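For reference, chains read A, B, C, D, E and F in written order, and residue numbers begin at 1 within each chain.
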Amino acid sequence: MRIRVVNPNTTVAMTETIGRAAAAVAGPGTLVEAVTPTMGPASIESHYEEALAVPGLLEQVALGEQEGVDAYVVACFGDPGLDAAREIATGPVIGIAEAGFHAAAMLGRRFGVVTTLARTTGRAHELAERYGFASLVTEVRACEVAVLALDDPASGARELIVEECRAVVAGGADAVVLGCAGMAELCAEVSRAVGVPVVDGVAAATVLAESLVRLGLGTGKCGEYAPPPPKPVTGLLAGFRRDQPADATIGVAA
Amino acid sequence: MRIRVVNPNTTVAMTETIGRAAAAVAGPGTLVEAVTPTMGPASIESHYEEALAVPGLLEQVALGEQEGVDAYVVACFGDPGLDAAREIATGPVIGIAEAGFHAAAMLGRRFGVVTTLARTTGRAHELAERYGFASLVTEVRACEVAVLALDDPASGARELIVEECRAVVAGGADAVVLGCAGMAELCAEVSRAVGVPVVDGVAAATVLAESLVRLGLGTGKCGEYAPPPPKPVTGLLAGFRRDQPADATIGVAA
Amino acid sequence: MRIRVVNPNTTVAMTETIGRAAAAVAGPGTLVEAVTPTMGPASIESHYEEALAVPGLLEQVALGEQEGVDAYVVACFGDPGLDAAREIATGPVIGIAEAGFHAAAMLGRRFGVVTTLARTTGRAHELAERYGFASLVTEVRACEVAVLALDDPASGARELIVEECRAVVAGGADAVVLGCAGMAELCAEVSRAVGVPVVDGVAAATVLAESLVRLGLGTGKCGEYAPPPPKPVTGLLAGFRRDQPADATIGVAA
Amino acid sequence: MRIRVVNPNTTVAMTETIGRAAAAVAGPGTLVEAVTPTMGPASIESHYEEALAVPGLLEQVALGEQEGVDAYVVACFGDPGLDAAREIATGPVIGIAEAGFHAAAMLGRRFGVVTTLARTTGRAHELAERYGFASLVTEVRACEVAVLALDDPASGARELIVEECRAVVAGGADAVVLGCAGMAELCAEVSRAVGVPVVDGVAAATVLAESLVRLGLGTGKCGEYAPPPPKPVTGLLAGFRRDQPADATIGVAA
Amino acid sequence: MRIRVVNPNTTVAMTETIGRAAAAVAGPGTLVEAVTPTMGPASIESHYEEALAVPGLLEQVALGEQEGVDAYVVACFGDPGLDAAREIATGPVIGIAEAGFHAAAMLGRRFGVVTTLARTTGRAHELAERYGFASLVTEVRACEVAVLALDDPASGARELIVEECRAVVAGGADAVVLGCAGMAELCAEVSRAVGVPVVDGVAAATVLAESLVRLGLGTGKCGEYAPPPPKPVTGLLAGFRRDQPADATIGVAA
Amino acid sequence: MRIRVVNPNTTVAMTETIGRAAAAVAGPGTLVEAVTPTMGPASIESHYEEALAVPGLLEQVALGEQEGVDAYVVACFGDPGLDAAREIATGPVIGIAEAGFHAAAMLGRRFGVVTTLARTTGRAHELAERYGFASLVTEVRACEVAVLALDDPASGARELIVEECRAVVAGGADAVVLGCAGMAELCAEVSRAVGVPVVDGVAAATVLAESLVRLGLGTGKCGEYAPPPPKPVTGLLAGFRRDQPADATIGVAA
């Protein structure tokens, strides 16, 4: 089984972190490949950056389809482009917010979320609502550390995240979801410090994607998620379409 | 007052239809400018196409900011890129699904929606939920006419839309929202045939954008919708940022 | 275009404030007329007073219908009698809570409300639920200044309202709605002090009513909001019915 | 114990029907008094009529307070003036829609409603939402018999109601609520015909009001439902206030 | 009329407290019988204990059916086994959380709950959601006194409950529901101290059960709550079935 | 890794079916053990039977704790005893309705459920609400085949299930969940016939339980799901407690 974990931003170091977190939980016989898009922002902390990250993410999915990838993980907590990716993929596509919420929902009655910047909490609530978990989320708290500073010890990210997680638990949550792919490698340590289950979405999405493949399940293709109708596209990913031969032009057209 | 109505697809004829519908309801002294993006799909009937339409839409908003535009209308019923556009604009940004829902909500207790393809109804429901109107929407029906066939008399679009509107009214709705910018010029005729208020989102968004400007109101900028943090972007709209000088590189970088 | 703004209480000074706020935002060519009912309470701060205000409000709408008014604004934040007024009017009828919520909903993800007395907050939440905005309202806070003391500088209303608005913004709202028609003229000043968009319902309702008239839209009349069936009424407004001649007896019968 | 059942319309024959239904279920030692207001519409089938019925209803509650009534029933399925009545009464006030919903909710998982005219179904849904029962209501169906024709055998009301009740049960409801005070005396017969519990709101409200009095419970008076603040009222019920001596002027002032 | 109040735990002293509270509010002519099951936990403060309490509770209901009981009260705030009891009873079955919520809902707009241990608050919220009252519950607070310590003056239960009730009122509730059958006899005193209506579920359930019997209403038997299909059961209550003769084997089989 | 799949009814043939379905999807190195309780009903088709199944289920979980089981699956679509089992287990416990809903939620926007008897659909909706999926469930349909007849070819179960699944897809679902453990082995065939993803809860629960173990996650134990407080229990499972030595008395006491 081959699972492609797409880091939707263009920071290769972050792709590597994500890849290690995914590989650490994948079952025997599963190949995890973490990829970086060729276009998009260095990190995603706004709706604007999320929007600009989607074409590069879709390019990686389209390439994966040509190469026989079985399932995809969208490794940014805003789950950018998830619906679009589901239309062009044949196997499952899982977002890390989606996966983190699903895993946490099975660990008790309610859970909280600790994310990076406060400006992203609205999107986290929106996704919780979309996936059905709004009534299960106690709160979404921000540690106010920028995505690319998470792995800089000088940022104090670990301590700040632990502090916010403790506040979440004090508020009645049975578990906590970490709200950024860049927090993946901090998860075990934070969990030990906090004393409740702490969920990293990257790891959760990897095992859930594997699970769906093992169950023989993929996105339903009879309605909303059927392949997009063939149609001229100017500029972006113009040559791509999953029903086209693998030698189609790839990427940003002139 | 200057309102830019952005058609997020690249079909110029549709931009013209949209522009006429917007201009017809704008108040005296309001300049309506309908624009077409330089990249993206010919029409938007899937999540994939919606995602690919957003960069071109954002380019038009970024250009508008340099030119002193007062407010923006996103003229596709999926309201693509609305949150992102709100981050980079100083004045109001209104989506046509958003506007259609708001207008219809003031005309009775509940309303229904008639859209193009059934595969887009999920997105319409999602937007209704997002804006708060889920409990006010009786149903979303599709006439199964493709976007670019709406103005082709051979498609029978007008009759099919009237039929679906009648079904919506029979189901208990006080009003109907037409779910595609391409239906703008059919609205008056459909309303006469059906006998209840029928709302075209393009016209509604135009007057609502005007209204907000007149009230001196724009997107709140203290939190989620503050301008995105400055950051390297590879490829797409790399040179753009509303806080940058007007001579910045525009569009798709190499 | 002729818009009648009905102050549902009997305090003429307040009608004048409301009239100025409405006229200040109306477009060129729109006549705004603010009216005071002939019966009802001096101000509205309870369900009891709201109920007693409705007949006088409906009298003004019924008179307006005889005089060719195009649209109505119900200028009390409890939106009293809105459904009843919609049944007897041919054009749009907009409540100021309704309008304030609609405008604020287009300015970000969520908004808060600052009202007069805490005892009115339940009604504000009920209206938010009714119009669909319950999930968008962060909180409703009270400044505990009585309606008729709002324009008395000795009440400290302005400072208290600013303080509550700041608390609302600290709670994560992108915008604030002022919850009383008597706050209309404080709105601009409060907005400057607070730094986020602050919405006055009277102004918002005026431009929204204008917008609907411009769009050719009014309340759907095919179901719940059809004119009430002709029927004997004892006492109150006994002679009124919008489908009756203009010389019908008006007001409170013996 | 003394329970006043207020028929909010002015049709005395209907008050008598309501009084019989209430008296039939009241416990030993409970005095049920059914009263008719001095002003208002002959029946209530619209928001307009509901609004005009409220002052007369409040007059009966205010009189009851002077006479030592222990609890009130508002005997119209729109529960008009319920919040206002709660402010001016010291004991419990129960609406018949409220009571019917509460009783039915204890008889299974979900219930349906059969009412008179389709134009009143929106209000029934609104009340269900307000009281918390929206998710428990399967549907609200109308038999399209006018309120004052219900007891006219020629109207076929009984058969039409049975038919709609059967449709409700086929739709998965465990019980049915009859949506008009004028259906009170048909309830037993309809229940026998349909084979599931059928609830008459008048009877249900009477026993629930009794129950609350027996438990020593009344409306909470610490916040929203405190007595309305003393204040000039022009015209309607101007002399009334529950904190005033019993010889206060009653009713409609000049 | 004969109402069986089942204390689902095996502590006889608590059954006696519950029986006194129920008898104190029952109407003339109503026989209240409080019973203790033959198996189960000494008190119920976890899901595990709730599950183990249900067979003993169902045994008491099955016995009651053989003896002609008219209605049942399930006297534990988790309402354990309520759906199962409704299937095997012919008359109404009311849980005390259910009854407390219904009573409180008629006393204002919103209410709060004060319960024993914090670990039971999740269940209280779940029941509120199930019965429709989620949006009416302001909060569920715990006094952290164990069930069997409530009547021990040394536990300070009364003072702690008063304190939590005051916090509930400060949070905007119009009434408070006490969240444990063991609090029944503290209710009047707490209510006096707090100044808002305080509801004891045992008393409320008793009068509501009486009310439904008086209305001739019981659980709907046409669908979900029809008697369970005859079927072999190993061990627990193996001989019981309400459609079997009264001499059937009762209780726990070998 | 050792996963215990508990069939909560006492029919051994059904345990074998369930065990095969679970083993078929478990990863390499995972031991699946399907067990049958020593007490309870032969199948579960009512709330009464569900309640009587829980003690036997809890006995199997308690035994598993003594034997070092890593995770549990509750293999009945009503997810009986799930909360109680989570309190006494150290590792994850997953219900098959829960698992089926989670898996289906990742396959599109909305899904439907096909279950056995219509009387169980209320419980399915209740569980969907509890887990957060109410807004994602299009409908729950029943094929009206009894649980123990599902594997009898004469029942026509396969054809009836296919027919109901097709109706679910026609209603707009992207996927279908089969609502009974007894349908596990029909799943692949049904999926092929229907053409959309069809989810068997037993298989889904098995891989999800494995996934959580692999992620190092279990139920949060800081609040609601802490081990139940030590306490006398009469009769049922009296000797069990997960914090007690392995030689404790097991099962139904005299």
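Some observations on this one:
Quick note on the criterion: contacts are C-beta pairs under 8 Å (C-beta built on N, C-alpha and C of every residue); 3 or more make two chains touch, one makes a residue touch a chain.
Quick caveat, the model's predicted, so the values are computed rather than measured.
Of all residue numbers used where chain C meets chain D, over half belong to both copies. The two sides are thus made of the same residues. Of all chains, the one whose mean C-alpha position sits at the greatest distance from that of chain D is A. One simple way to say how far apart two chains are is to compare their mean CA positions; for chain E and chain F this gives 28 Å.
Inter-chain spacing, taken between the CA centroids of chain D and chain F, is 45 Å.
Here the CA centre of chain A is 53 Å from the CA centre of chain D.
Touching of two or more other chains is recorded for residues 86, 109, 121-122, 126, 129, 135, 172, 223-225 of chain C. On the side of chain B, the complex with chain C involves touching residues 25, 27-29, 86, 92, 94, 98, 102-103, 105-109, 131-136, 169, 172-175, 188, 191, 195-197, 199, 203-204, 207-208, 210-212, 214-225.
Remark: chain E residues 10, 38-43, 45-52, 54-56, 58, 81, 83-84, 86-88, 118-123, 126, 129-130, 146, 223-224, 226, 228-229, 231-237, 252 touch chain F in the complex.
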